[in-house]
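Shared between the two complexes below is chain A, which pairs with chain B and chain C, respectively.
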Partner chain A sequence: MAVTITTRELVPAPAIPPRRLPGDPGRPLTASRTGSRLGRVGLVVLLLGWFALPLLPLALWAFADQWSYPAAVPTEWGTDGLNSAITAGGIAAFGRSALLGVAVAAIATLIGAVAARALVAGWAPFPRLVTVLLFAPVAIPPFASILGTNVILLRAQVPSLLGLVMVLVVVALPYTTFTLRAAYAAHDMRYEEEARTLGASQAQVLWRIQIPLMAPALARAAFLAFLVGWSDYIVTLIVGGGQLVTVPIITASLAAGVGNDSVVAVLSLAALVPPVALLIVLARNGFR
Partner chain B sequence: MKTVRGARAVLVIVLLPVVVVVVGGLGSAIMQSVGLMPLIGPVRFNLDAYAATAQDLPVAIGVSLAIAASSTAIAALVGTAAALVVVSGGWLGRLVGMAGAVTISIPHLIGAATIGLLLADSGVLPRLLGIDADAWPPLVGGPWWVAVIAGFAWKESAFVALVVAGTLLTRVAQFDEPAALLGAGRIARIRMIFLPLAAPSLIVASTIVFIYTLGSYEVAWLLGRTYPEPLAVMAIRLFNDVSLTSRTESAAIAVVTVVLAFAAVAVASVAVRRMAVWR
Partner chain C sequence: MTPMTSAIALREVTKHFVDRQPAALLGVNLDVLPGTCTALLGPSGSGKSTILRIIAGLESPSGGQVLLNGRDITSVLPEKRNVGLVFQRPLLFPHLSVVDNVAFADRAAGRSWRVARERALPYLDMVQLADLGRQRVGSLSGGQEQRVALARALAAQPTILLLDEPFSALDAELRHEMHELLADIRRQLAPTVVLVTHDRDEAATVADRIAVLENGQLLQHDTVDGVYHHPASMAVARLMGGENFIKGVTIAGVHHSGLGSISVDESIPDGPGVLLFRHESLGVSAGHLLPPTGNRVHATVTGISRTGLRRRATVRINAEEIQVELPATLDVSVGDLLTVDLPRGILHVVSESNQ
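Up next is the complex of A and B:
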């Protein structure tokens, strides 16, 4: 049997004009138009300038070997700043800062999670007292609490590194507890109850239900706690007793001197890399 | 029941460091300041440390409060504008949100260093603007603490923006769209919807910024002048001083700073409670 194939030109369906009621501009009423749109773009440009302008010196100074005064751009580009940063012990300091940040993040996230879960589930003893204690570090300037804490730590002969991590964990706890308390309040306990009913052990529920469901909030909390350890200057200086030389400590001693502009810029740029990289990772995973 | 008791024990153990730092730290600062924890010599209650600092303390309090108040005011203003842009969405809003997130994650000391590179009399800004170093005002280490306030205002405006935008993102749309439908204009919606909804979180964020700025050391130390000193700079200088009485004086300044910070919290909590949205 012969098959005849007829080909036909495919005609695109006629475009249906969008249905609009008379007077409907076709955009949400809350979207900006003409004059106010210009104003909004202007405001955005101003805000972006406000946030970005202070970072401009880093980009210019980091690779400036020479920049004699009135010149608007560096007169000689090069890697002198980078070399001096490495000579000043920048790489080791970078490692120490990262370790400090990770240690603070790990401990403060864990304690924050235990406390947040206890507060939300209602089995925390004296919940109001626990809440006040956990959030008090926000209301107490770090320099004030460490002047007192330092004496206790010295008399109790706590190693300075341990004391430093402890104080920074306490400083980070309000942020981790706040983030995780909100997340646990929204967390549906029925998933865990369901798994228990189906025979999962407590450990299995923790690893396969609770942690995966809480992962975004845990990541956010850990990021905030990492920032506390990574950024700290005054606690590291006083409680660390000058033993732990981190990126902020080196940068501070160089920035307080004269003529170190280029090396300060290199160290500052390096100090921006880990937080910004973590921020990108969090944003990509939809954790923000 | 057994697991709850075990979990409670775990909670108490993990909270121990908090108790040491918050209760122990404050308690020991207070005791040192009144002579109950001397480095050497007899334990005797006295207010010598407060008397010794009485001359410089009012100036230091004034400088610290002025820096904190002006930084907080600018941060709140810029932060609210940024939050407005972030909440109204679109790619412009996302861009401002990203710029704010990057600004928050910059360590304060690094921020102070880069503000110094920007605003000093041989800094990047006078170079770009072609202004002579002699004609450039003394922003770093000058009498008006401009670089210090700029450093705080810059970093903290991003904090205010993200806190306010974070609390509004889910709530503003449900009021904003109906109001627009009912004919409310742009300004009316900002005034009647955005600002009242933003107010509680704006006050909370501003209080945190105020207290942080009041007690912050590194920015004022790096970009400020040597006299008069803000509270934190004075306390740390006395703490590192060699004379034996200076430790008790630095503890006294710490106690005064904490009292100021608690007063700020008290004022803010009264203000927040009075708000319509909170009730």
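Up next is the complex of A and C:
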């Protein structure tokens, strides 16, 4: 019997290139970071430009005695703007704004800390309702709430300055409470328990442990509350009844007139100084 | 003779948390004698840390009393109790230097920084960290941090030192060092120590007595040897790592079971009972060279397991299988014959109902 043997050509399997891993010959252990570094630097430059660009015309206007269209730069340099700002009571307004900011920061940070601690520790009754109420000033249109509040304050014969601080504290509370709530949630209460077993009273625990450990968050919260007081216009105008002339009030009234570009620029730039200085101080102390 | 007053005593202490059922502690009675070290041992959620927090005053008991040197301190504030506490996390105050952490109790007591720091130095020296006093706490290693935490608690000169699993986050070598350090401190200061741990080896290493807890109840408080060899119940035996539970009946000092008729202590009452013995305490020899007697039995190896250098064999003896620890020099395989000695002193019988 004839046996037929057929042979088939062996087809080699398609070669799969070995997977090359970091560290193989010819491959670095880490990917190059040049691209991502360039990207980050580019983003920072872009952001700086975004914030700095509007300030450039202000800076030019602050030292322009004359700047007529279509000139690209001031046609006459000088300090008329600075002189006018001082004459218009800018320095006193600066002091009043600073005091208002400090007062709002001090009170709103204290109340915010107590509220945040109560919410985190579960001491606050109806915590969701409390949270909504604390957040309400951000959600409700300011005119609606401020006009209504002003009527109540007037009827209750609350002095306008006290009323102004009270309303601004309420406006600042969402910022302080929510900043501090996050910080208290991350705070290990056992530090305080440990301190108490070491003989520290509740007051000592607050002073020696809680405040130092919470200092960065307290500083952040106070900064935000200061900004509320420092930069407020509407509440100061309506509740303050025009009695308290702050930097935003004086700036806005001058901006409403004609030919005051230079003095408005000086006041606007001056208004930037305290927040920026505070930011630098916070950053240098590691309170970012 | 007047009985010695306990450094710390719990009387019928109960604790209910609002959002938790069942009770965290149920009628706990505990006496810790001055200068001794007691380990509170139990699984997670057994209530051991709650006991420590109640002693420290950080939790109020729902019922019962806490006595410190015979004085009722149930309602006393934590800062007035003079009780030192070291947590699992060192919790060093990050805004203070190492020496200022140790000096904290003196500062809280109103002493000046200079005096407080001077008084802190011997305690830093005791934990062998005298040269690190000026450092920020962030620069310390985990072991160093826990040493500083121990020094800080000791510097407050507490009546009682509470340790809440203080070494469980450390690696084996550091833990061993900390055990030696604690032994040193006990030699030097003889503090009364209550240690919470879930590690029975650690409890046996550092403590004089062990209080075994489960589900908020204190099951047994006895010497280390007592809880290992004479567990009050099968639950204690299981929690202490016991693996041999032989059901049978005791008649006139002899326990009859599938294992055979084993002589036990004559004081053990007649009736059904579970024979308990530690696998580490059995005498094991190769072959069947010696004839079986009451407490010497012949066995066949049915399985071998290893934990580190230790080897454990499952052996069949008559109708029962038990666990034995094999001596390091004994080379055996599955199917080999062994002779197992069960000395009367290591045998214990508990009632079957005593789960």
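The working rule: the second predicted complex is superposed on the first by the 240 of 288 C-alpha atoms of A that agree within 3 Å, B and C clash if a C-alpha of one lies under 4 Å from a C-alpha of the other, contacts with A are read in each partner's own complex, and residues count from 1 in each chain.
Definition applied: contacts are C-beta pairs under 8 Å (C-beta built on N, C-alpha and C of every residue); 3 or more make two chains touch, one makes a residue touch a chain.
For clarity, every value in this text was computed on a predicted model and none was experimentally measured.
*Asks:* Look at where chain B and chain C land on chain A after superposing the complexes, then choose clash or fit.
*Replies:* fit
*Asks:* May I ask you to decide whether A:146 touches chain B, chain C, both, or neither, giving the answer as first, second, both or neither?
*Replies:* first
*Asks:* After the superposition on A, what does A:54 contact: first (chain B), second (chain C), both or neither?
*Replies:* first
*Asks:* Go through the superposed model and pick first if A:195 touches only chain B, second if only chain C, both, or neither.
*Replies:* Once the two structures are laid over each other on A, A:195 reaches chain C alone.
*Asks:* For A:231, using the defined touch cut-off, is the partner it touches chain B, chain C, both, or neither? Pick first, second, both or neither.
*Replies:* In the superposition, A:231 touches chain B alone.
*Asks:* Check the superposed model and tell me the shortest C-alpha distance between chain B and chain C, rounded to whole Å.
*Replies:* So the smallest C-alpha gap separating chain B from chain C comes to 10 Å.
*Asks:* How about chain C: which of its residues touch chain A in the complex?
*Replies:* 56-58, 77-79, 81-85, 87, 89, 91, 93-95, 104-105, 107-109, 152-153, 156
*Asks:* Considering the complex alone, what residue numbers of chain B touch chain A?
*Replies:* So the residues of chain B touching chain A come out as 3-4, 7-8, 10-12, 14-15, 17-30, 32, 37, 78, 81-82, 85, 88, 92, 95-96, 98-118, 122-124, 127-128, 130, 132-133, 150-151, 154, 157-158, 173, 176-177, 180-181, 186, 189, 208, 211-212, 214-218, 222, 232, 235-236, 239, 250-251, 254-255, 257-258, 261-262, 265.
*Asks:* State the interface residues of chain A toward chain C in the complex, per the touch definition above.
*Replies:* Touching chain C: residues 188, 190-191, 193-201, 204, 208-209, 212-213, 215 of chain A.
*Asks:* Report the residues of chain A in contact with chain B in the complex, numbered from low to high.
*Replies:* By the definition above, chain A touches chain B via 28-30, 32, 36, 40-41, 43-44, 47-48, 50-58, 60-61, 67, 69-72, 110-111, 114-115, 118, 123-125, 130, 133-134, 136-149, 151-152, 166-167, 169-170, 173, 202, 227, 230-234, 238, 247-248, 251-252, 255-256, 261, 264-265, 267-268, 271-272, 275-276, 278-279, 283, 288.
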